[in-house]
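In order of appearance the chains are A, B, C and D, and numbering begins at 1 in each one.
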Amino acid sequence: MRLSVREFEALARDRLPRYAYDFFAGGADDEVTLRANENAFTRLSLVPRVLRGHRERDLGTTLLGARIAVPVVLSPTAFHRLAHPEGERATARAAAAAGTVMIASMASTVPVGDIAKAGGDDLVLWLQIYVQPDARITRELVGRAEDAGCRALVVTVDSPVFGRRERDHRNGFHDLPPGMYCENMRDLGGQRGVRDIEMVAGLSWDHVDELAAMTGLPIVLKGLMHPADAVTAVAHGVSGLVVSNHGGRQLDTAAATIDVLAGVASAVGVPVLVDGGIRRGTDVVKALALGAAAVGIGRPVLWGLAARGGEGVSEVLALLREEIDRALALTGCASVHEVTSDLVREARC
Amino acid sequence: MRLSVREFEALARDRLPRYAYDFFAGGADDEVTLRANENAFTRLSLVPRVLRGHRERDLGTTLLGARIAVPVVLSPTAFHRLAHPEGERATARAAAAAGTVMIASMASTVPVGDIAKAGGDDLVLWLQIYVQPDARITRELVGRAEDAGCRALVVTVDSPVFGRRERDHRNGFHDLPPGMYCENMRDLGGQRGVRDIEMVAGLSWDHVDELAAMTGLPIVLKGLMHPADAVTAVAHGVSGLVVSNHGGRQLDTAAATIDVLAGVASAVGVPVLVDGGIRRGTDVVKALALGAAAVGIGRPVLWGLAARGGEGVSEVLALLREEIDRALALTGCASVHEVTSDLVREARC
Amino acid sequence: MRLSVREFEALARDRLPRYAYDFFAGGADDEVTLRANENAFTRLSLVPRVLRGHRERDLGTTLLGARIAVPVVLSPTAFHRLAHPEGERATARAAAAAGTVMIASMASTVPVGDIAKAGGDDLVLWLQIYVQPDARITRELVGRAEDAGCRALVVTVDSPVFGRRERDHRNGFHDLPPGMYCENMRDLGGQRGVRDIEMVAGLSWDHVDELAAMTGLPIVLKGLMHPADAVTAVAHGVSGLVVSNHGGRQLDTAAATIDVLAGVASAVGVPVLVDGGIRRGTDVVKALALGAAAVGIGRPVLWGLAARGGEGVSEVLALLREEIDRALALTGCASVHEVTSDLVREARC
Amino acid sequence: MRLSVREFEALARDRLPRYAYDFFAGGADDEVTLRANENAFTRLSLVPRVLRGHRERDLGTTLLGARIAVPVVLSPTAFHRLAHPEGERATARAAAAAGTVMIASMASTVPVGDIAKAGGDDLVLWLQIYVQPDARITRELVGRAEDAGCRALVVTVDSPVFGRRERDHRNGFHDLPPGMYCENMRDLGGQRGVRDIEMVAGLSWDHVDELAAMTGLPIVLKGLMHPADAVTAVAHGVSGLVVSNHGGRQLDTAAATIDVLAGVASAVGVPVLVDGGIRRGTDVVKALALGAAAVGIGRPVLWGLAARGGEGVSEVLALLREEIDRALALTGCASVHEVTSDLVREARC
């Protein structure tokens, strides 16, 4: 068994063509935020508690009514078939086996219905959505999510326009290779074929309200960083938030997510997740200490998938599970709910 | 199209003779401030707002009564013909096309009148001035600025004496090559030929008052860093300020301009610009958030000019325009006036 | 004579097989805490006092009633025979000669009774204990400590589960080489042979109380980092504390010990020791200034032992003694009791 | 002419035998303080004032009644003949020519009387003294200082014991080469030959009082870092202080001098000098801003001397003079007395 998530990154780099690796690995502009997301964890220290041991730690928690076995969900990432022929199907199986939420990307290369089927009854599936300019298209996508049995919609709000990833430009990577498509965008609005996903520059709270009116599913906003927006989100009835800067792929020099998490989490009552740069069990414990209900991982899933398909994703999840378990034990926490803010302090730099 | 201003720097390095590249690139002494200007931006993080989108962003603003299309002006830099045979003419055309202010340097290698002509009616031209020991010379220069249709005078106050750029000493670069001259200094004071630009060690507020008495043009002070000086400047009737350390070419270890901007901007009511180390659209947004009315760029213009002449300058300006537009969209701002101070926070180092 | 403890590290690296060197040198996961322990000292500056000289400095102090000649004790480390054939016997002789406490590890490769004999009457010996799941085994170990004349029991509380040292996994180092055993674990519980040391995930304050009930020896808790736990420890009657993160071998990204020392020391009245990253006399003075009664060293002892057996350990201790003496002289302290908190300040980073 | 003091360092490294260069360059233990002294200046930024120009800057000031032309004195350094055959004679001539104070080291390789003669009437000479165990020896040294016309005694208080410079140990450098001696130590106490300089571990305020009773010369304490000691010093009637950590040669990890200067300077009314890491005119301005009456330089003098003898020292002083003049002009100060504390701020790191 691999010893760290980083080893999967190395394996993925070995196996993937350059353009694909770079698509997964890269960030916007100078990749300042990409690095900051990871480094910010190193600059937080843990102050463990002792002699509060329990024979076993309970890593489970509840998210929007669903019980999950580890406080780590799969953040939505595009194009899993670029990492492995089985694509999102393999990912779904691994998520189900690990007992956690998979947030399928709207830009998945397998349709959400097939992802759901591959995951089976055990999978808690959410669909991530970019609101489309034509509300009817959005509604149809929501319908597909409902039909697939998704239990929440995750609306990505950090992308009113595309961020610019220089690596993709340098590699000339602008389209999926032949035979791969954004399958959720197929045959929408009464037209055959695959539509492009569009960004809506005018994305606003009205869109959130409209979406809420379309569905009974709980709505989670992903890509929020500012406490004031968190408060507004709750006023608009959203059920959860993901503090995220899109893994450093949208606004470069955006703050590291872990550095703004506490501000957001303390401003609202709904569950707050965070993603960006989570690579170790101790990162997860730090996020919990700063108020996260759970964390999301993006690239680690893709690395696992590229390295060994669904098994790789399972290994990544198992590794993190084991690390979280150890970190909880070593900080004196019997469960994720016992992780308190005094366990974390800023490292003297 | 190039992906970043930095690529133009690389192109310029390739194309220019060493002494010319170094003249443009270098700073005073150990170049601590030169590096600090750039690095200080990386150490500021953005905290974006979401769901406040608008279909389009308005990048325009008004400076001293003139409408400009982007919040980026061309800071005055000497010797454009060292970068490209067309020199300041090419720069002027690019500035006009971009719809922004060009601050011509008193040390331009094309006379200000010809710069104005090259720029055409669309160009908002300001002339930068070093007050000369002989007031009659200064007055004549002011007259030339007025004749050329300049709409403001920018008095550089950070240079009572010359800073020492070690690169120029090592390269033995002390004079312009044959055939290039500081054309604004030609045939002044009733004497034929080109006078040297002199620094006035005794430069004082009296000089500012004297200059104000010579002209009806608004006066902008460039090179101010201290809030107390800003307050005095306003008391002396100046119309604007440029927070600047001369791109690290005068006083080495002077603070990074972005680090003193907020102190100056919050002390006065007149528009405050800032230059030094601006390389990305997000740098501009950070400056706006800290109180700048607009920013200035020095070296990026020279790199564009050296790389591809006027087209290069246009490309640099277009690139920044696009980056600012994207950064505004991604921080939830419909215009430069919506950029508020809470969008910026210090990165944990 | 060697000039620094670091030189012994280099000698040890040269002499030991890779797996053994790595076992001694390594830390958990990414070794963030391992490095932080050492680096944190560099980021503390000394502000010396002058003209308070004394012909000689008194380096002695009293720990749990025992007089020691230097404020440096030997922290418990496993497997000394891996460093040198004489193993803990050699270490004990060096500790006795230096007039300080040796805390023998429960995982020593020489039985505690033999360590005591090797050390002789001068040695102040304490035994470190991992509470075992079966209380009878623990009691038997306590009995062996008492029989050996140990004057305190040090209960390691930072290890309810094993930390993961990646170096050991990569080197395939999981067991002692043939002929070496954890001798304290031999023939326990009425069974012949050597039992494995077990970690108790459920380790709790009850275990501390139980242990206290088993023996009249003072109890010291090792591995505490949080002030709240320190207060609880005193309420449970413990006689001393060692602020420790197990040399970065258990919970990675745990805070550097020197950074949490003052918080713990100021919360309680019992003597507080600290270990982790102590490599210089000035490190010791800083620890004293922040409230430590004395410090512990782990790896430096192993390096000395690997380099030159017992003589090496003696050299390491003599070197530190000399450095502490010099540091006290140069900070104007006649004894370890004169080291006050104003001698230390954070270095500007 | 050289462009920076650093260039002299490079020249010295080229010319000197390794052991001599290392003796001059080295610091105690890990040389943390040696580097910190220099780096701390980079982490202070200047916030210049503008439009307060004067045709000329007055660099002069008064120290203990003597007028000096630049706010830079020569800190005492041992063994100038190791740098250049003319040794301290050459240094004295350069100091006199520059119009500043030379603090001759007690460990000079030319007797203080001859230094005075070489310097001539213009030289303001002070003698640095290590109090000797035998008060009669100290008194005799004081007599020699008086006879030589010294105008102050500088008592070094940071050296109750020797610091350990590892470079000297590695180079086996423990004695001066044949033919060079600490000439001030010759024929003292009625005995022929050269005595060793001894450190007095018991150095105390009594020694200062004793010394004051021996002479009418003003006494300056060198090597003070703590405000409390500064206050005591004034109570003992000293006339000035040098904040110094002996150039990082005594207590390693001592704070950078510039970081403790303001604390000391604001605690007392007597003139406070500072040395350690001064390499640029801006460093001097920063020290003045933080309360120094003047600064001292150690190694730069030795580099100049090694590079080009007395001329080299003159060049170093001229270079610094020019840099200070420029720095004053560029910060808007007409004299060293106009340098105020608001000119300095911490750089964001």
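The working rule: contacts are C-beta pairs under 8 Å (C-beta built on N, C-alpha and C of every residue); 3 or more make two chains touch, one makes a residue touch a chain.
What you see is a predicted model; the values in this text were computed from it and never measured.
Number of steps on the shortest path from subunit A to subunit C, with steps defined by chain touch: 1. In the Cα superposition of subunit A onto subunit B, the rotation angle, rounded to steps of 5, is 90 degrees. Two copies of one chain, subunit B and subunit D, form a contact in which under half of the residue numbers belong to both partners. Averaging C-alpha coordinates per chain and comparing to subunit C, the farthest chain turns out to be B.
Here the CA centre of subunit B is 43 Å from the CA centre of subunit D. Between the CA-based centres of subunit A and subunit D the separation comes to 60 Å, rounded to the whole angstrom. Shared contact sites, meaning residues of subunit D that touch two or more other chains, fall at 349.
Taken together, the touching pairs link the chains into one ring where each has two partners.
Under the contact rule defined at the top, the touching pairs of chains are A-B, A-C, B-D, C-D.
Note for the complex: subunit A touches subunit B at residues 29-30, 32, 36, 40, 43, 157-158, 160-161, 163-164, 166, 169-170, 200-205, 207-208, 221, 223-226, 228-229, 232, 245, 250-256, 259-260, 346, 349.
Residues of subunit C touching subunit D in their complex: 3-4, 41-42, 44-56, 280, 282, 286, 323, 326-327, 329-332, 342, 345, 347-349.
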